[in-house]
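Just dropping this structure here.
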Amino acid sequence: MVTFRILPVIENRVLGPYTLLRIKDRNMHKEAKCGQFVMVGFPSSLDPFLLRPLSFLSIAEDSFSLLIKKKGRGTEKLSELSVGDELKILGPLGRYIIPPKSGILIAGGIGIAPLYYQSLWMSHGILFYGAKRKRDILFSKDFESRGFTVKTITEEERGTVADLVRENLEILEGQQIFICGPDAMIKALKDIIGGYTKQAFVYMERRMGCGLGGCKSCAVKTDSGYKLVCQDGPVFPLKEVSYD
Amino acid sequence: MIDLSVNFAGLKLKNPVILASGVWDLPYTKIIDFKKLGGVIYKGLSLMPREGNPPPRITEIPCGVINSIGLANKGIKVFNREVLPELKELGTEVFLNIFGESIEEFSKISSLIRDVSGIEVNISCPNVEKGGVYFGRDPETAYQVTKAVCENTDLPVIVKLTPAASDIVVVAEACQEAGACAITAVNTFPGLVIDIDSGKPLFERVVGGVSGPAIKPLALYKVYEVSSNVGIPVIGSGGIGNYEDVLEYFFAGATAIQLGSVIFTNPLAPIEIIDNITKYAKEKGYSNLKEIRRCVDG
Amino acid sequence: MIDLSVNFAGLKLKNPVILASGVWDLPYTKIIDFKKLGGVIYKGLSLMPREGNPPPRITEIPCGVINSIGLANKGIKVFNREVLPELKELGTEVFLNIFGESIEEFSKISSLIRDVSGIEVNISCPNVEKGGVYFGRDPETAYQVTKAVCENTDLPVIVKLTPAASDIVVVAEACQEAGACAITAVNTFPGLVIDIDSGKPLFERVVGGVSGPAIKPLALYKVYEVSSNVGIPVIGSGGIGNYEDVLEYFFAGATAIQLGSVIFTNPLAPIEIIDNITKYAKEKGYSNLKEIRRCVDG
Amino acid sequence: MVTFRILPVIENRVLGPYTLLRIKDRNMHKEAKCGQFVMVGFPSSLDPFLLRPLSFLSIAEDSFSLLIKKKGRGTEKLSELSVGDELKILGPLGRYIIPPKSGILIAGGIGIAPLYYQSLWMSHGILFYGAKRKRDILFSKDFESRGFTVKTITEEERGTVADLVRENLEILEGQQIFICGPDAMIKALKDIIGGYTKQAFVYMERRMGCGLGGCKSCAVKTDSGYKLVCQDGPVFPLKEVSYD
């Protein structure tokens, strides 16, 4: 079941470089599964026009949370919402995945959002986590308190998450791996962890029209032709995703 | 009871609200009750499968969207096998939007279509190398395509026109002469978006098709032009977002209407619009669409 | 110092930001510092005074406006006497937008123009019975109008084109051949708004001209088409609201740009845009507009 | 001097069928004169696109107030604003008038807004005031406390303001008269008070683009051709306004 509703914001909190929005809703926790996302928009104005795809960060009985990085107009407006403001919410969307009990999560920047959500479905694992600056690293304690080993790296200090993974390649062996981050990072990781790709999965991002498999706009090139992020994904086997 | 039914092309639709081609697919059954719709037009189908254009394929523009999908589809044969059976279960009239790069392709694909309410001939897509707008800009080619389709099917044939034609009325007349029983006006407007970081067009094919509220007054004018000059019914398409927009299209001469991009921003719009037309008719004391329209004619 | 100056038509503008014809008049000196502008184009002038169309003359549409002003103006003679002296004090380049219902009228009005930087020939207004788009749709008439103007003035002649032409490139080429030294692309798009309470068109003349952000991708595509195919400079017009839009127009090939409807929603936009282009150039390390443009060419 | 600024709403109060919005501003009271108006719009969205013309209701040192009738999307959104929300404000606009010390005000419905503002510049007078329902009549006590005689009429009870004026024609003699209300009311009054029209003035409304005499859209037909509400008005001699 997918629903489209107007729901109120009940919390807007700055979290490092991002904004955490909590939205009141008693249904999402019954419907949403690991790997899914929602599309979010502004009621009563035609501009901005499209809904924005955003991963779940977490879901409680009375609400769900999103973690938002300011990128353009839509995310900027989202960051400025006040408690009581309303949003259009379409979801849950995307194909759910069955999370492994344990595994490896590799996050770059805002890529932490869906992986944090996924981690809530897991019992333990290892998180490789890269960001621009030290103060951008979020949730480390939280992950650790839930049985995750957290390995971080920042560009201002040392390098990218790809560097971090390269240094720790042996840890990956035999594990299921989940990646979320910018395209460049995914490409780099695809090269580095080639040998482990059977078990590796990636959360993909594409510009979306409908979020429901209708418009065919969220195409990702794979070895077997174009697939749709909103219908076949957002999680894809890393080895399928083609970067030529 | 308010009767919203409309007749055209020998068909009776339960109401004038039709889902446009290319914006929906079967997963929408998860959110829309298709039995309530007047009809649906499936995504453009070609004879052979088409991959479509490389991403990005869509982006937002002020009050609308621009797309460069490139008619990605599995081809008519796979469609007949895998999708058609499910469409037949939707409980609404199903039309197939078809696309060809040559007149021959249009003939062939038409002869393979069965078990649907009608065909919408797409000679108006701006996102392909051949066919599409190139056919729909030229009255002579529009005539030939329409004729080829009509000769290969007994189904009602609707032709979907491009606003990029120099004189859309002349093209519509050509289609009528060739046997079309209705005109859809209009498909997307050609447009351009540039990615200012790279300084290059956002879409690999440069041009894209603009749709949504931004084009409403432009598309409405095309509907007015066609319906004031051509005898066959016009199905309006372009920027419709609510029942007030639908009334504008009726008063401009449209017999039925299509909803496209609005479902991106409100997937429930089709149902809300049907409910609101009913409510409007009730409040005004009209019992059917003819009476709504008459408020202009009379 | 960042040098924003642009050369075209033998002129040097201090920056590429020009106020479009028909959206401003002298009272804007109360809010805009005209000395900062690259140029201004005065409201369409005809040989004889014109009353304009009955109200309503404008309304909002999604992300834009539609107007049916009908080229209300006092005529060139009253203009020369009453308005021109004040325009000359503005401290920016002044262009006159001129309109005629016949080629002869264009000749006559051209010969009465003096003391300005150039002429913009309006063969693209959708809001009149004769002239306007009817001239701008046809390459042959566009040629003749342009020639008539050029023969009657020594001033630089810019021709402003309509997006309603079937092939805008052909019209632009005709204007170039006739002596135009620049093209403005584009004027408003023909559109329709219906008043659902009466069921009738809102404007007495039915059709209106659509402008504002809604038309930006459509107008940008026209600019791209013209500038990729025609040798003379193109001045971009259509939906520009901020400096990012201006960059899109540069990258699509525009030499300068015009601001129209944006001043309805932000009268300070012209100044803000000039400031923001300067800021952008600074941040990117560019010292003039050529370097900004080069980021695409190179 | 005309300014264009982004200013915050500091009060939103329901007043009969209307909304009173108070906007924080320390300059308007220095700039605005009798008869003028502002144009109001929403920052950070292109939809609704145009600014909306609204009369002053009153101006204080730290703020000014508008009285808004819900008509379409723009006024609806205005009515829903919260304290702290921001508006684009362009003004003051229009040609000011020199208010008479005393005179007659004739208001229909929301037409009360500019006449209330005008009354603040006068020392006494008579107000003829018509509305749909009794509870729509505002400010009666206020006017009376400031030396105005108030005569009201409502459609639900007795008739229109034109009826009221017809019954009291003799009062109008020798007085300056100011009218604001719907077009139909103005037309009716023009017929009724023909003999007094030398002294009668009317606040006109037209759809506007710019508010600054630039776009020529706010045309009013007068005996001497079209005039512009935003530049030649909003107040026009009643006898000039042509209704053929």
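A, B, C and D are the chain letters, set down in written order, and residue numbers restart from 1 in every chain.
Note that a residue touches a chain if its C-beta (ideal position, glycine included) is under 8 Å from a C-beta of that chain, and two chains touch if they have at least 3 such contacts.
Given the structure is predicted, the values throughout are model-derived calculations rather than measurements.
Traced through touching neighbours, the fewest hops from chain B to chain D number 1.
Rounded to whole angstrom, the centroid-to-centroid distance between chain A and chain B, based on C-alpha atoms, equals 35 Å. In terms of their C-alpha centroids, the spacing between chain A and chain D amounts to 53 Å. For the pair chain A and chain C, the distance between C-alpha centroids works out to 46 Å.
Among the residues of chain D, those in touch with two or more other chains are 46-48. The residues of chain B that reach two or more other chains are 61-64, 212-213, listed in rising order. Taken pairwise by the contact criterion, the protein chains are fully connected, each one touching every other.
Chain B makes touch with chain D in their complex at residues 62-63, 213. For chain A in complex with chain D, the touching residues are 44-48, 77, 82, 84.
Remark: chain A residues 46-47 touch chain C in the complex. The touching residues of chain C, when paired with chain D in their complex, are 22-28, 30-31, 43, 51-52, 54-65, 67, 69, 72, 212-213, 241, 261, 263-268. In the complex of the two chains, the chain B residues touching chain C come out as 61-64, 66, 137, 165-167, 189-194, 196, 199-200, 206-208, 210, 212-218, 220-221, 224, 239, 244, 247-248, 251-252, 295-296.
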